[in-house]
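Both of the next two complexes hold chain A, though its partner changes from chain B to chain C.
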Partner chain A sequence: MEALAKIVVKAAEAAADPAAAKNEAAAASAGFAYGLAAIGPGIGIGYIVGKAVEAMARQPEAAGMVRTTMFLGIAFTEALALIGFVVFILLKFA
Partner chain B sequence: MIALEFPPINEILRWKDLFESFNKISIIAVLAATIGTVVFLLAGRQSAKTAPRGIRNIAESTVEFIENGVVMQTMGRDGLGWTPFLLSLFTFIYLCNVPGIIPFLQMPATARMALPAALALMVWVVYNGAGIKHQGFGGYFKSVLFPPGVPKALYILVTPIEFISAIIVRPFSLAVRLFANMLAGHILLVTFALLTESLFQAKDKILIPFGVLPMGMLIFLTGFEVLVAFLQAYIFTILTAVYIGGAVHPEH
Partner chain C sequence: MNDPSSLFTSQLSGGAPEVAVTRHMLVRGLIAAPLLILIAGFIWGADGAVSSAFGCALVMVNFALAAALISTTARISLALMMGAVLFGYLIRLGIIFAAVVLVRDMSWISLPALGCTIIVTHLGLLFWELRHVSASLAYPGLKPSSGGEANTSS
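On to the complex of A and B.
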């Protein structure tokens, strides 16, 4: 009962102070923003590297070219996750 | 439990100015430019006819890496004239990234947006300029905005997308990629260093041995950052080479 009363008091305090409430919401959504942004690129990079390994195993003499293209693909895919990270920084600190 | 207070972002990314608007990051950037220039000047003073010694070995292997790993892979033999530009870009970015793991410096100069943004803007001017120089103003924009082999009616859809992706998104993603990678690495290192410190100084004696865990992670991540510093410089350079190659030799 006492704990519940404490939570109610805390919630009332948070409602009374909009700046603190905003900070809390920003911190929570920053975590969501980064987590969601990481899903797609995570799958994508795994796919790219997996296929590149497959290609290198099938044709080892083309490994150099495959590696360059793989890094290019990773760079483009990773950009999405990194924009998510920038959004995280902006929500959390700005 | 433990008193863990993450410092405000300005504390981990900004130091007191030495004088107006000149702080540690500027020092690292200036040092990177100076070291790169001095290394290649010293290497260039040796005779090209004798076997390379000392510093020339480093310079020659870097040049060879750029030629074989970047230029030949993306632009082919015609692009070898771009080697000096790509080489200085690579050297500068790498030397700016590496202080992120050098003790007492511990700050990659590229973890602030100013440097990547300026570099990306320069690359934007260079690849657009190269395209205009090789194909003429109209020819360049025609090859960028109206890619061949697309049905006429689809140009309503393709042209705006091509314009946004080639003119606006390219420099933006180039800058953000470098900046966010280095910043993320820096913040990770800060987080684990803080965790280690606060666990080792915890009031509960039982918590102190657990400080080894984040410390191991810190050492692992420092090793990982060595790789990231190199990889990001490489990716920035190779994307520049791809953009220049695409602008100079359009698809037919």
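On to the complex of A and C.
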């Protein structure tokens, strides 16, 4: 009930000042966008590097090839975080 | 890898392929940057062009830092490399965040231009390099001689 009352109060405030409500919502969602966008790449990079290290330890003669593909894999995975980051700066600052 | 301790003692010596890959991407970035700046300038004006140049520089510094971290730590131990990549990811995102926060109130910044340039430059350079790498893996005879063949020692 308390949560419902808070929502009703927020809705009333938003109706009174739509611009402030929009800014508040943008700030909150910017944090969520960046945070959520960083989780997946973090897991992905950990998985890529873990498997690459395992492959290099098992087959040292292929280490050069594994490192090259690992580096590219890391950079591609990181692109997801960067997209989330760009959404963050556009929501928060633009 | 039967012995887990080998992860801590194994190190990679010899050439660093990620440095070679990054060098290629930096050269290509320098080739593509004027075009991107021109396009951003056309869409967002002079502010967009400057912001686009800043975005290109950020992406290239990000790639160079990633390669430096991997190549340095791989010579020490594989476990350290793993840790450095994971924490380096956080550090590099933090550096980009700090760079954007520092310039966000400048008169010349255009955030949409900066954001678009970061995404386009990052993905564009990666796909451009991926074509080269996949071709050199599929046809090793055509691989450039400057590529890094790494040796491993425990």
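Just so we're on the same page, the second predicted complex is superposed on the first by the 79 of 94 C-alpha atoms of A that agree within 3 Å, B and C clash if a C-alpha of one lies under 4 Å from a C-alpha of the other, contacts with A are read in each partner's own complex, and residues count from 1 in each chain.
What we mean here is this: a residue touches a chain if its C-beta (ideal position, glycine included) is under 8 Å from a C-beta of that chain, and two chains touch if they have at least 3 such contacts.
Everything numeric in this text was worked out from a predicted model, so none of it was measured.
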Next on the checklist: According to the stated criteria, A:P60 is in contact with first (chain B), second (chain C), both, or neither; which is it?
Outcome noted: second
Checklist entry - Looking at the overlay, what does A:G42 touch: chain B (first), chain C (second), both, or neither? => result second
Checklist entry - When both complexes are superposed, which of chain B and chain C contacts more residues belonging to chain A? => result C
Checklist entry - Looking at the overlay, what does A:F93 touch: chain B (first), chain C (second), both, or neither? => result both
Next on the checklist: By the touch definition at the top of the document, which applies to A:T68: first (chain B), second (chain C), both, or neither?
Outcome noted: both
Next on the checklist: Taking the superposition on A as described, I'd like to know which of chain B and chain C A:E78 touches: first, second, both or neither.
Outcome noted: both
Item to check | Overlapping contact positions on chain A, where the chain C interface meets the chain B interface | outcome: 64-65, 68, 71-72, 74-76, 78-79, 82-83, 85-86, 89, 93
Checklist entry - chain A touches which residues of chain C in the complex? => result 1, 6-7, 10, 12, 14-18, 21-22, 63, 66-67, 70, 74, 78-79, 81-82, 85-86, 89, 92-93, 96-97, 100, 104, 111-112, 114-116, 118-119, 122-123, 126, 129-130, 133, 137, 147-152
Checklist entry - Of all residues in chain B, which touch chain A in the complex? => result 8-9, 69, 73-74, 173, 176-177, 179-181, 183-184, 231, 234-235, 238-239, 242
Item to check | Contact set on chain A toward chain C in their complex | outcome: 38, 41-42, 45-46, 49-50, 53-54, 56-58, 60-61, 63-65, 67-69, 71-72, 74-76, 78-79, 81-83, 85-86, 89-90, 93-94
Item to check | Touch list for chain A against partner chain B, complex | outcome: 64-65, 68, 71-72, 74-76, 78-79, 82-83, 85-86, 89, 92-93
